[in-house]
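Inspection log for the structure reproduced underneath, given as structure tokens.
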Amino acid sequence: MTDNTDLTVNIAGIKMQNPVMVASGTFGFGNEYKNFYDINKLGALVTKGLTLMPKAGNPPPRIHETPAGVLNSVGLENPGVEQFIAKEWPCLSKLKIPVIANISGDTVEDYYKIAKQLSTLENLAALEVNISCPNVEKGGLAFGQEPESASEVIKAVREATRLPIIAKLSPNVSHIQKIAEAVVSAGADAISLINTLLGMAIDIHSMGPVFCRKFAGLSGPAVKPVALRMVWEVYEAVSVPIIGMGGITTWQDAVEFILAGATAVAVGTANFVNPIAPIEIIEGLKTYLYLKETNLHDLIGAAH
Amino acid sequence: MTDNTDLTVNIAGIKMQNPVMVASGTFGFGNEYKNFYDINKLGALVTKGLTLMPKAGNPPPRIHETPAGVLNSVGLENPGVEQFIAKEWPCLSKLKIPVIANISGDTVEDYYKIAKQLSTLENLAALEVNISCPNVEKGGLAFGQEPESASEVIKAVREATRLPIIAKLSPNVSHIQKIAEAVVSAGADAISLINTLLGMAIDIHSMGPVFCRKFAGLSGPAVKPVALRMVWEVYEAVSVPIIGMGGITTWQDAVEFILAGATAVAVGTANFVNPIAPIEIIEGLKTYLYLKETNLHDLIGAAH
Amino acid sequence: MSTPAALFANITQNTQIAPDIYLMEIEAEIAEAAQPGQFLHIRCSDTFAPLLRRPISISDADKKTGKVEIIYRVIGQGTHLLCQKRPGDRLDIIGPLGRGFPMPEEGKTSIIIGGGIGVAPLLYLAKQIAKDHKNGHLPLTFLGFATKQEAFGIDFLSSLGIKATICTDDGTLGYKGFPTTLFKEHLNQYQDKSNLIIYACGPKPLLSSIKDIAAGEHITAYLSLEERMACGVGACLGCSVKSSQAGYKKVCKDGPVFEAGEIELE
Amino acid sequence: MSTPAALFANITQNTQIAPDIYLMEIEAEIAEAAQPGQFLHIRCSDTFAPLLRRPISISDADKKTGKVEIIYRVIGQGTHLLCQKRPGDRLDIIGPLGRGFPMPEEGKTSIIIGGGIGVAPLLYLAKQIAKDHKNGHLPLTFLGFATKQEAFGIDFLSSLGIKATICTDDGTLGYKGFPTTLFKEHLNQYQDKSNLIIYACGPKPLLSSIKDIAAGEHITAYLSLEERMACGVGACLGCSVKSSQAGYKKVCKDGPVFEAGEIELE
């Protein structure tokens, strides 16, 4: 009944067969979930965050469970852009779906350089520019908390590449609309939000913070209401497409984000809980559209 | 074994027999929970938010459950300061524990006036100044999002009263430390945090926001990691006492907040789930101190 | 009003009585105090999923045996967890809560109208009216269900000597149609309606219809309402219903039973 | 390595075998592929409390019957929910996951050392070594428990012909002391230790001690580690353990079994 439902979306030139992506850092470089389903069924794949140089990441523990959420302090562990291109890209580039590289930097220059290097890759669909990572010493979150610094990073990446730029925003701000407007003026073609909320946990036995870096990033169902509100706000502020994420575990969650204004959604923490969540969401979306006798495009932002 | 454990704390001159308070808006004016235990056992009671004029509050629905959290859009329903003094105060003033009035305003002048009026009450222990309510049209949250406006409100209240002032901060900000510093310079004697996180929910059947006012305030266990991080940050920024709240449901949670730097804690949403939560937390604290062979004062901020 | 308590009750029975509808019997001291129309606020899980308690009306209570009954429909996470509990498990409850149905004054003719799961609290009410001999009559009872399979409470009423008028949306049991329609027809037989007193619980359209009839005919009517609740005790101001005067009433504390004129049903 | 699957297995048994320790048997196709040292990633609740899966080692698997066993200690919310499940319930699992214990090469003498709940995966390992006739010997087995009551697996080993050396912290069963102490003494009887291969699982101090002994005596040792996990499949980079080279290894994918020299135990 619903097999010829049109779920295609086009985000800043990235053509996706459906609006369900997987969120950066929750899907590695795509190898791990191949055992559970054909990942060519996804809308798009976003890589683990990449940096110019290899990063070892933070010492353990890196994961702490909270009510309906997860705190993580992975710290952008990644092989660096060169190793990524040498070791991961050959396999990724063979996927039939768009692959988006998520990038981070300690300095504006880092962002420029890594964008430049990745732009040489044929088939890479876009860059998702992470200006919101709470788990690293320099840069990261700080870039995403002020319109000026956010804009600077996006401008540098814009100069470095002709690839579509997705700015990934931090929820740890007073006025998300101002950040969104700033990155769009600076050249972002799309916005994804939210990255993790800054949180912490304390071990009452050892009487110290659970994580070496004290603060960590909160994700999962717990943050969904905040994420949804931010997608709603940004939809009212800018006209570029939005990729919504934050606690999406079911197709109902995905529909909420789309109604709030997201053109696509990304599944993060839910992958850990239910490895086939993205596929279930795609199927659920089809059925919903069928029953509501509507199409995806009319759904986007329809709750406004 | 633990009955003579010293749990007393003094917050800006408010002498409390223990550090466990109940959070504004979750305990009415104290009448409803009298059936479940002797509320004179609490550290202190904070009233429902008061405004100068009576407020009818928002239309239903006002409550929506989220994963490990609650969105509320009560909208500061309250009888106004005059009715409060006439009808609620006589009963409240007879309690043996400190009663703190939580106040809100549409304008800085409102805050001044209500503070002035409440200052006439003998026995009122303090004013908790809510500059962070997300559920009203004017003022509320907006005051708490910028250091300047937050400071203006506290200055006005400072002029109006000699009562201790507790500034209640919003978590919906980029830099909580800046707001904390601003309110302390403006004359706040203590800080309570966090108020609710701004969130929303969408009804996928009606395809519109669940709440008339679209956004609502998120509280409960889901927000605990964020609250804890903010208490930690504020503890490092200012030296006034902190009242920590946000998702506290057990004594373990309370201990985390105290280790992060809270001198007292407030129980909010947990009252709805377990009406005797505050009493269980007081008892649990005693046992923890006994087993750890430490005292409350050494615990405050001990995780730093 | 009775003083509510927070306690763990012992579950003595939890049986499916219709598709998705369960009857649970618990042993609780509050059996003594429980009035028809009052409710229990139940913690369905000891985890945070779901976080909040769920309000369920008392459908019967017996001082002598110390037993309280509830009848509930499984619709979401909370009631799903509830239906998995077994005799011997303990149930975390607060209650009895709220303002129940006021008993009819002497000489009044009570009419009870219920729809679907809304029939639950009316069973206890019917029993108390039937018992209350000073009243000298059995309540006239109109109940509506979607279909025969979903009907419940009929035997309970029969055992009290009450022969309820049953209707179903699809006509598989009793009359085909709504209980409000039958009730309206029935009303015509009264010359003097000032002696009637109506009690109703059910879906919003049923309540609205009763409210309109009661207003038109100047009959006193008591309606039991539902609203999303957090605290259940009047502390959070979450469960508001528009008052016919200014402002809002609280379903958990001012209600759940309201005189029809007190509140607005949008 | 075997390909993991996400599936619902049928629970056929869930019995308490010691205070707070349970043995669960499930029917799952993965019985075929499961290697000693691999684990299952189990969703203990279908709600978000707790949200994440829990890793539990495979303590036995039988290709023929299609049964898999796990032995787990109830310590928190997840394992508490697990122990409430009953035969006939279904269990949401991913597995088999991780790199298990490599079988000893021909002619090697296997020594198994386990402590507490860490004994669980070693039972399956012992069985496979015992079965593996080309190896021609039964593994020498040293197990430690806090107290007699908490000991488990001894009968299982006996049935394989393995007479394990048991110690308890309080001396209520077997020797009083740690299995590592006994093992150290036992080591003295070997002139040539190069033929030994050690397998260990248990608390950190046990693993550290084995790692030190193995390094000192140049014996190959395989240690099964634990770390908090989110995905369990190598995608989140959450379960890191310091590599003895630069950077970190992933317990879920590179382990949980590591050659002692590969990793640092702080």
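The letters A, B, C and D name the chains in turn, as written, and every chain counts its residues from 1.
Note that contacts are C-beta pairs under 8 Å (C-beta built on N, C-alpha and C of every residue); 3 or more make two chains touch, one makes a residue touch a chain.
These numbers were taken from a predicted model, which means no experiment stands behind them.
Engineer: Give me the set of chains touching subunit A intersected with the set touching subunit D.
Structural biologist: B, C
Engineer: Could you pull out the chain whose C-alpha mean position is farthest off from that of subunit D?
Structural biologist: Using the mean of the C-alpha atoms as each chain's centre, the farthest one from subunit D is C.
Engineer: If you tally the C-beta contacts for B-C and for B-D, which one comes out higher?
Structural biologist: Between the two chain pairs, B-C has more contacting C-beta pairs.
Engineer: Cα centroid separation between subunit C and subunit D, in whole Å?
Structural biologist: 55
Engineer: Would you mind pulling out the distance in Å between where the CA atoms of subunit B average out and where those of subunit C do?
Structural biologist: The computed centroid separation for subunit B versus subunit C comes out at 36 Å.
Engineer: Between subunit A and subunit C, what distance separates the C-alpha centroids? Give it in angstrom.
Structural biologist: 48
Engineer: Would you mind listing the residues of subunit C that make contact with two or more other chains?
Structural biologist: Counting only residues that touch two or more other chains, subunit C contributes 48-50.
Engineer: Residues of subunit A that contact two or more other chains, please.
Structural biologist: Each of 67-69, 220-221 in subunit A touches at least two other chains.
Engineer: How is the touch graph of the chains shaped: line, ring, star, complete or other?
Structural biologist: Shape = complete; every chain linked to every other.
Engineer: Provide the residue numbers of subunit A that touch subunit D in the complex, in ascending order.
Structural biologist: On the subunit A side, the touching residues are 25-28, 31-33, 35-36, 48, 54, 56-57, 59-65, 67-70, 72, 74, 77, 220-221, 249, 269, 271-276.
Engineer: Touching subunit C in the complex: which residues of subunit A?
Structural biologist: Against subunit C, the touching part of subunit A is residues 67-68.
Engineer: So in the complex, the part of subunit A that touches subunit B is made up of which residues?
Structural biologist: Touching subunit B from subunit A are residues 66-69, 71, 145-146, 172-175, 197-202, 204, 207-209, 214-216, 218, 220-226, 228-229, 232, 247, 252, 255-256, 259-260, 288, 302-303.
Engineer: Considering only the defined contacts, which subunit C positions touch subunit A in the complex?
Structural biologist: These residues of subunit C touch subunit A: 48-49.
Engineer: Give the list of subunit D residues in touch with subunit A in this complex.
Structural biologist: Where subunit D meets subunit A, its residues are 3-6, 43, 48-53, 94, 227-242, 246-248, 253.
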